[in-house]
Structure formats: C-alpha cells, structure tokens
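Got a structure for you, questions after.
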Amino acid sequence: MTTHLDLAAASDVDPASTEFLAAVAARELAGVGRVFAGVGLPTLAVDLARRTINPHVELIYESGVVGAHPEAMAEGIADSVLVSGAEAVVSMEALFGYVLQGGHVDVGFLGAAQVDRWGTINTSFIGSRDRPQVRLPGSGGASDIIASAAEVVVVLRRHDPSALPAEVDFCTSPSPVLASRDPAVMQPRGFGVRTVITPLGVLRRRDRLGELELAATHPGVSVDDVRAATGWDLAVRRDVQVTRPPSVEDVRLLREEIDTVRLYLR
Amino acid sequence: MTTHLDLAAASDVDPASTEFLAAVAARELAGVGRVFAGVGLPTLAVDLARRTINPHVELIYESGVVGAHPEAMAEGIADSVLVSGAEAVVSMEALFGYVLQGGHVDVGFLGAAQVDRWGTINTSFIGSRDRPQVRLPGSGGASDIIASAAEVVVVLRRHDPSALPAEVDFCTSPSPVLASRDPAVMQPRGFGVRTVITPLGVLRRRDRLGELELAATHPGVSVDDVRAATGWDLAVRRDVQVTRPPSVEDVRLLREEIDTVRLYLR
Amino acid sequence: MRTDKVVPLRDAVARYVTDGATVALEGFGHLIPFAAGHEIIRQGRTGLTICRMTPDIITDQLLAAGCVDRLVASFFASGSAGSLYEIRRRVESHDPAPLAVEELSHYGMYCRYRAGAADLPFYPLRSYAGSDLPDLNPQIRTVDSPYGEGLVHVVPPLKPDVTIIHAQRADGLGNVQMWGITGAQQEAAYAAGSVVVTVEEVVAPEVIRSDPNRTILPAHAVDAVCHVPRGAHPSYAQGCYDRDSAFYREWTAISKDKQRIRQWVREWVLETADHEEYLARLGDERWQTLEVAPAPSGSVSYGRRQA
Amino acid sequence: MRTDKVVPLRDAVARYVTDGATVALEGFGHLIPFAAGHEIIRQGRTGLTICRMTPDIITDQLLAAGCVDRLVASFFASGSAGSLYEIRRRVESHDPAPLAVEELSHYGMYCRYRAGAADLPFYPLRSYAGSDLPDLNPQIRTVDSPYGEGLVHVVPPLKPDVTIIHAQRADGLGNVQMWGITGAQQEAAYAAGSVVVTVEEVVAPEVIRSDPNRTILPAHAVDAVCHVPRGAHPSYAQGCYDRDSAFYREWTAISKDKQRIRQWVREWVLETADHEEYLARLGDERWQTLEVAPAPSGSVSYGRRQA
C-alpha cells in the first residue's frame, strides 16, 4: 500500500449519508445540458457534477438565474452568489414561461417528502390537508417543473413505506400517469420522475406512463430490504445493479470544498 | 404698434395648417398626467404641450419608453432620442400589458384616416379589404390603445365626408359603442375617442356611448361648412365655440425649436 | 410640479396599510421588505391578508405579532433554513387560531399577479394536469382552448390593496431601479391599488435617467418612496450587503418555540422605534459579516444625438 | 466544452433560413436586422413567411427581391417615413403577385410570440371588442372566462422556424445583451425553432457576466452569433450609431417606383458581397452623420461574497 491516496478509489461512506446520496445524484447529470436545481441536496449534487463529470452543465434556478457560476456554495436558490458572475438573470416570466414551460430544461432536480409508485411527488401535507400532521413547504416551483422539464430526478433522505407509499397523501407534483387520467386536459410535456435516489437504492421509470422499478441497490442493501421498505409491491429490474459508491475525491470535494459549513451534509 | 412682439397674441396661421392643428391638439393635454403618443402630429402636439401648458406630462411610447425627455424632436416612436435620458424603458409586456391594459394611460393620441360618428377609427383600408384602394398602416398599437386608454384624442389632416364618413370602411379601433353591441365580450375600459381635431373644427363626445358633436369651429369656418364636410348629420352643441388660434409663440416653437427640419410641419 | 414621493416609512405604512387589507410583500429571496413588515407590526395592524410567493421569516413574524388572518403563497418554508414554525402551528394545530391559506405553485402565483397587473380575467399555464392543487384551490380552473388542444389551467387575477417592495435605489419622483433577482415585484406592484417602495438609496433623477433599462417601476406606478437603508435585513440587497444566513439558521429555533418567537418580536420590533434602532441593536460587528466586495457591472453607452 | 457559436452571417443564413421557412426578423424600430435581411436576399431565398410587428423597409426590400409569399405583421408603414410601396403594390394591385397577410395589432402580435415562447395554446388580451380585426383574422378568437366576466379575445402561438435579431453584444457562448428598446426580441427568439443573432460586438464572457441583468437571451436560446458591426443600418443601435433618417426619407421615393426599388436591391444588396461591402459603398462620410456622443449608463455593483 502506498501513501499516495487513490482519489478515484471507492470511499466507504454510509449509503444513507448525504455524501453518498449527493454523489450518486451527481452522476445523473452526466451529459446533461441544463439542470433546474432545487435547494438542499440538489445543490450539492449539481455542484459536485460541475466539479467532476460535467463542468459545463448549465445551472438554472427558479429565481431567474441562468448559467450560474457560483464562487461559493449557494444557500438557497436566490443566493447572491448565484447572481454575481451569472450569464443571465431573467424575469420570472422568461424563467418559468419561456425557459421552463417552453421546454428548455433537461433535468429538474427536486427533493420530496413522499414519492409514489408512478413518480408522483408530495411536498404539501402529511396527513389531511385541513389539519395536517405536517405542513410541508408546498409546491414552490415543483409542480411547474414536473410539468415541463424533460425529466425529473428526486432525492429522498428516507426510504420507508411512509416516504414511498402506495399513494401519496397529497399530489403536489403529479406523474404524467395521473395527468393521463384526465385526457381532456393538455398533457404535460415532461416524462415526469425518471429517477428516485434513496438511502437504499435507485428507482427508475422506463416509460412515461410506467411505474418505478428498482434499478440498483446500494452496497450492503438487499433487494428484499428495499422491497420491504417500499409501500407498494416494487418491481425489480432483471439487471438490477449494485450502486458504485462515491469516490474518495467525491467525498473530499463535498466536505472540504463544497459544503464546508455542513449546511446540507448531515 | 410696438416692435416688441406679443408672444401670447394670436397668430394668423391657417386653420388647415399643421401648426394650427398641433397647437389646438396640445391644449388637450392641459392637466393630463400620462399621454401615449403616436407618431406624426401627436409628436408635435405633445412636444408643444411640454414646452407650454404641461411641462410635467409623462410621455409614454409603444416602444416601451416611459417618461421620455427627448433632447430633439423624435422621428418616430422608437427614436433613440426618446430612450437616452428617459426615466424607464420597459418590456413590451410591461408597456402594453401593465401600463396600457392595466389602465395607467390618461390620453392616447392617435392619427387616423377615417373617423365615424361614434368615434370609430379606420387606419387599415380605404375600399375593400381584399383589394383595397389604399392599404393604410393598420392598427399598430391603435386598437390596443383605444381599448385601454382612459380617452383618445384624434387629429385628422382632412375634414371631408371621406375622412368623416357615416361608416368607416374598416373598423380598426372601435368606439365603445360598437363594442357594446356584443355585450358577451368583456367591454373596453376606455371612453374611446373623446375629441377629434380637424382642419375645420373640434368634435367631441359627451358620453361613452354617445356620438361626436361639433364643439368648436375654427376661425373663418361656419357651422354649416363643417356639417357639409361631414359624412353624417353632425349634431352641433348649443354652446359651440370658435377655436382660439395658436399663439405667436406656439407657432414659433413649432417652427424654430420643435420641427426644425419640417418633418411633420407641412 | 411633479410631487416628491419621499416619505418616512412610518407615514407610508400608516397611510397605505389598513386593518383588513390585502398586502403583497414581494421579493423572491432577494430584497425582502423586512423593515416595512416590521413597521406593520409596530403599528399593530390586524386582519391582513399577506401575499408572498415565499412567505419567509417576515410572514412568520407578522403571524406571531397577530397581524395576519390569511395567506396567499406558493412555498411555506424558508429556503435552506427550514420550517416556519409559526405558520406550521397555525396550520397544523390551529394555534393560536386557524389560518386561511390560498395555495398555488410559484408560477401559478406569479401568473395571478400578471393577470392582476394586466387587468386580464385569467392567465393560462400548463402546470396542474394531474395535480391535487386545483382541488385544494378552486380558484385554479380550466379553459377550453379554441384552437383545439383541450383544456388548459388558468388562474384569476390577484390585486392586492397595497404592494410593498424593497429596491436598491429610486429617485424622488418614484422611478425604481433594481438588479439581481427581480422576482414578482413589477407584476405585484402593477397589480396593486397602491405601491410603497423602500430603498437603500434615494438618488437624483439623473442617475435613474442615465440607465433607463434598469427601471423596474416607472414613477407612475409608485405612491411612496421610503429611504430605509439595510431595509431588507436579514435578506439581502445585491451589491449592497449579503444575506444574514446565520440569522436564517437561528430562526428555526426561535420560531419553534411559541414564546420565544413572541419575545423576539417584542424585543426586536415592538421595542425598537424604527429600523434604525433595529439596526443599532443588531450592531456594527454583525453588519461587518454581511459586507460584500465590489463587483462592478461596467458601463454601457446610451448615446446622444449630435446637434 | 461548450461550443463557440460565432459563425459568418453567410453560413448562418445558409443553414437556418430555408426556402419556404417562417422567419421572424424582430427589432421594434431599434436594432432591425437589416444585414441579415440583405443576406437572405443575396442567397435568393423564396417562399418565405416574414414575421415582423413593423415590417419596415427591410420587408419592402425582401418583397422586391422576390423572397416573400406571406407576411405576419401589425403595422404596414415605416414609422415617420411613410408608406412601404412594395407592400402596397402587392396588396392594392397584386403587383407582381398577391401577398398573403396575417394582420394583428401590436399587442396581439406580441402576445402570439409570447404564447409561442411559453408553449401556451393561446394568450388572452382585451384589445378587440368591437373591432373588425377578429373578422379579418380568424385566428383571433374568444374564450369564456371561467370567473364570469364574459368573453375575452385570445390569439394562438406564433412559432417561427427561425428568429433573427440584432444586438449590441454577445459572447461566443451565445449570451446576448441589449439596451434601449428591446421590443419583442426575447419572445420571438424563445418562440422559434432556431435563433440567429447578429451583433455589433463579440465580447468576452466576463463582460456579459459582469452585468447578468442585461442579458436578453441566455446562451441556450441561441444557435448562431454573427459578428456584423453596423448590421442594423439604416435603423440604429442605441449608443453605437443613430438611425439614418435621411435614408428612411429617401425610401419613399425609391419604393414608390417599382423599377427603382429593384435597381436599389441589385445595386446595394445583390451586387455587394456582404455587409462590409454594403458599408463601404455607403461611405465614411455618410457614417459620420450617424455617430452619437457617449452617454454612459454608469456602473452598479453586483457584490462578491467575502471568504
């Protein structure tokens, strides 16, 4: 064994750690042109992708910033560091109307409290809407994003039947499957959720009207573990993979260069 | 007689001259807050008003310029002199949507080829629309303006039955009278044309759904002259006035300071 | 003469924010009109409907102070800083009272302002096919496209009685300029019956007129200009000072405790006479952490016609 | 690596403007893309649908050159300079052939671009109650407001195959900045399949990024950037050069004479290899009359977070 650390080598961070989730999420941005990034874990993933596999990904924020080049990690989608040195700050109409609804966003990167079988996202209420157990943040731009981004990637901090239920308590940001039940309404342009990254594995949808399937389990997690923690009878792909862990360098970047104040890393 | 010229004295310019029309039109801006000025004669009238009776009138142009302070006479509504030193240049949505349709324009100042009894304006076709005798400029912003400006002032360069016909060849910018015939459609907020200034006199409408009446004749013009030159049985106000001619100073300003190249003065 | 619109913030709030009014306080993460919100608390307004796309800490404070009966909003957390617990208590436990909420997505709420600003009966958007939001908010409806594509969702106008915003600068006539994230300010202002603008700096009209494309609100759209430097704290003003992220992080703990948030409101708002006193309490040392280095935009030329 | 989008105007027109295409050439009195229009003439395109709110002289020229079958427009004169006689001959006398025209008001046409840019099935506006325009243009329809106010007029999206605009500056990535009158350029570009931008100046990305609020089109919305200084002549570029009003006045006489306008097109466009040769023919003396004195915008700060 040499003293020279192999930065590309696999790290041993816990699959349930923020570092693991962010690094696996970052891989979803390989080859992506434009990403619409929400706050939190997506911030870490996008920042890591820019420093590793996709230095030219165009960062778009619902605050109107397009082509951000932040000199520090953004604390929120309206952080001043996203504005200074950005390629453009456009009006909200240009951002939501032309850039997003007009179809220029390749990947929307969202957080969620619940995701169901079809990739429907709940960020509104746990429990009843009239007197909820938890009042969640609501849509923000999420229901706008899911309708118009070419596809959506979701990162969940938990994987249990309440986070991945058979049916969400409230449908904030619908799957195209739900939209298709009312064919009289103009259908969303987007594929909806393509990928859900959780502390146990990676779920993916193959078809626009299809359901989430288990595509990969994280190291040390079995297929049965994942199925048991999921609120519906989760389909498993025949070629189910084991997730490649983050590299040593990924973890170093996240801890020492990106989130130095450990705002999102927990 | 003294050699000191009395600038406030009446000039002797012909009532059919551009100077006369512009000076009479300028008076319509006394006390007006915001005017949406078209090109041509309105440019002269607005400029004269700013130099005489209403130095603080806010000039708004369909090009997006708000609060213009032109250092020279604008040749058109998109002239660079309207932009340099303006208080604002806003997007077309802000201009047409928020400023105009939102109800912030007090007076719209328009030219026209034809105006009918109800203050309907034709700036589109003389003759048939399929193969017109004259293809006029069309609406531009005129039909947008008449719908939303609090009121409209029109200056006509001719006064004869073809310029003031019983019925216009094409209704580009309707009177609220025409709009009211289709009550299922949301009605325009504006009064429509309140005042028409012609080479013979001044016509005004008293009511939003009323017709144009002769309010003033220019010096040397009889009521019968005006009625004979009008394409319908023109009502005459009991208190019909004789127009006060432009002052010597008005004419001097128009010729020597405003339209020094005689672009609009003819 | 055109009126000079510069008035003290106290007078502007007294005049334009009345009990029961619908008040938009806009600023999307940036230029949030905190000082104006605090002045509303000081003046003890009640029964307000607050419109803010992202309610943020200022709404938590207004709620704790008892000013607010109803909320129109599209995101109920505070960016990176987590929950707004006063809102959560009102919604989850009706403590101390239930809170009426009208909820939309960001674009839906922005479109409501747009319809209000442009005096349109509705504004179409493509966000809600399949979503429960139209069921939650019956103001979200559909219209059949006369060109045959089917139904599209629409939202009705939102017309606040008064809109209050903060900006980097304005002149005394009321021309307002800002840069950085401009949010829904222009639309919320044009949609409103009255408009109050607090600014970092009141500048000469010549400064405004040297760069007319930066004007977000022309003078005719503005009723009052209030000179309130640092009036966006703890949010930020691009190029002037940075967001007080430490305060945002502290807020979670403050707002989680029902007594503590009320104590905070007393101490920092009710017991300060005005924003100057609030800033004095904050102290220079804290302010130094918010200072930013200059990053000049550079100058362009608008040109001037030669005689 | 992100692609450098700077290409010669000749190549951009060859690639993006095809026979029969719908081509928007926008610029509201300001920044009219004349050089690009001339290049279309040089390359002998036919069967085009030209979209321009104000067709202006460039459309008269494209018509005389035989490039155009159809026009979508909202004003058929040339500002202060009077009639566009090639358009009038086509419409009034079908000489040399009838011209298909789709006509709207300014706001109606702008709303068509907006609907196109935002992928909406229609866009509502309040301009046409009582007007003959909806009868002339059956694309203007009505929708019943689901909130009970009655019918409101709507227009459908306009989606050009390609939009061509001129701007003061862009970087090689395709970020475009302009100031002065910005017209319908942003909407027309986002509504289009492809976007070509001619610019006075290609600048370093750092120049763009020092003032991001001036960006009208972010790089992702732009396919080609062509460095064409003075490319808006005889219209103008705010701060760079003024409108050639003398030429606008001369145009009436040129276009009134069917042979003379064709002669003009031959001499000034077909017999010049490119815009540089056109400018050389125009001469320095003429250009001097168009020069403007500087009028600086002044600089603002965007600020930079301290470490």
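Note that the chains are named A, B, C and D in the order they appear, and that numbering of residues resets to 1 at the start of each chain.
We adopt the following convention: a residue touches a chain if its C-beta (ideal position, glycine included) is under 8 Å from a C-beta of that chain, and two chains touch if they have at least 3 such contacts.
Not measured: the values here are computed from a predicted model.
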Both-way neighbours, i.e. chains that touch chain C and touch chain B: D
Winner on C-beta contact pairs when A-C is weighed against A-D: A-C
Averaged-CA centre spacing for the pair chain C and chain A, given as whole angstrom: 29
Whole-Å gap separating chain C and chain D, where each centre is the average of the chain's CA atoms: 36
Between chain A and chain B, centroid-to-centroid distance (C-alpha), Å: 58
For chain A paired with chain D, centre-to-centre distance based on mean C-alpha positions, whole Å: 40
Residues of chain C whose C-beta touches two or more other chains: 114, 119-121, 125-126, 142, 145, 149-150, 152, 179-180, 182, 186-187, 210, 213, 238, 242, 292, 295, 302-305
Multi-partner residues of chain B (each touching 2 or more other chains): 65, 80, 83-85, 89, 91, 93, 97, 101, 148, 186, 189
Arrangement of touching chains [line / ring / star / complete / other]: other
Pairs of chains, among all present, that meet the touch criterion: A-C, A-D, B-C, B-D, C-D
Chain D partner contacts - residues on chain C that touch it in the complex: 119-126, 141-147, 149-150, 152, 154, 156, 168, 179-180, 182, 207, 210-211, 213-214, 238-242, 291-306
Contact set on chain A toward chain C in their complex: 39-40, 62-65, 75-80, 83-85, 89, 91-93, 96-97, 100-101, 120, 124, 129, 131-144, 147-148, 170-189, 263-264
Touching residues (chain side chain C, partner chain A) in the complex: 28-30, 54, 73-77, 79-81, 87-88, 91-92, 94, 103-108, 110, 114, 125-133, 136, 142, 145, 149-153, 179-184, 186-187, 236, 238, 242-243, 245, 248, 292, 295
Chain A to chain D touching residues, read off their complex: 33-34, 56, 58, 65-67, 69, 71-72, 80-81, 83-90, 93-94, 97-99, 101-104, 148, 186, 189
Contact set on chain C toward chain B in their complex: 1-2, 114, 117-121, 173, 175, 186-187, 190, 205, 208-210, 212-213, 215, 217-221, 302-305, 307
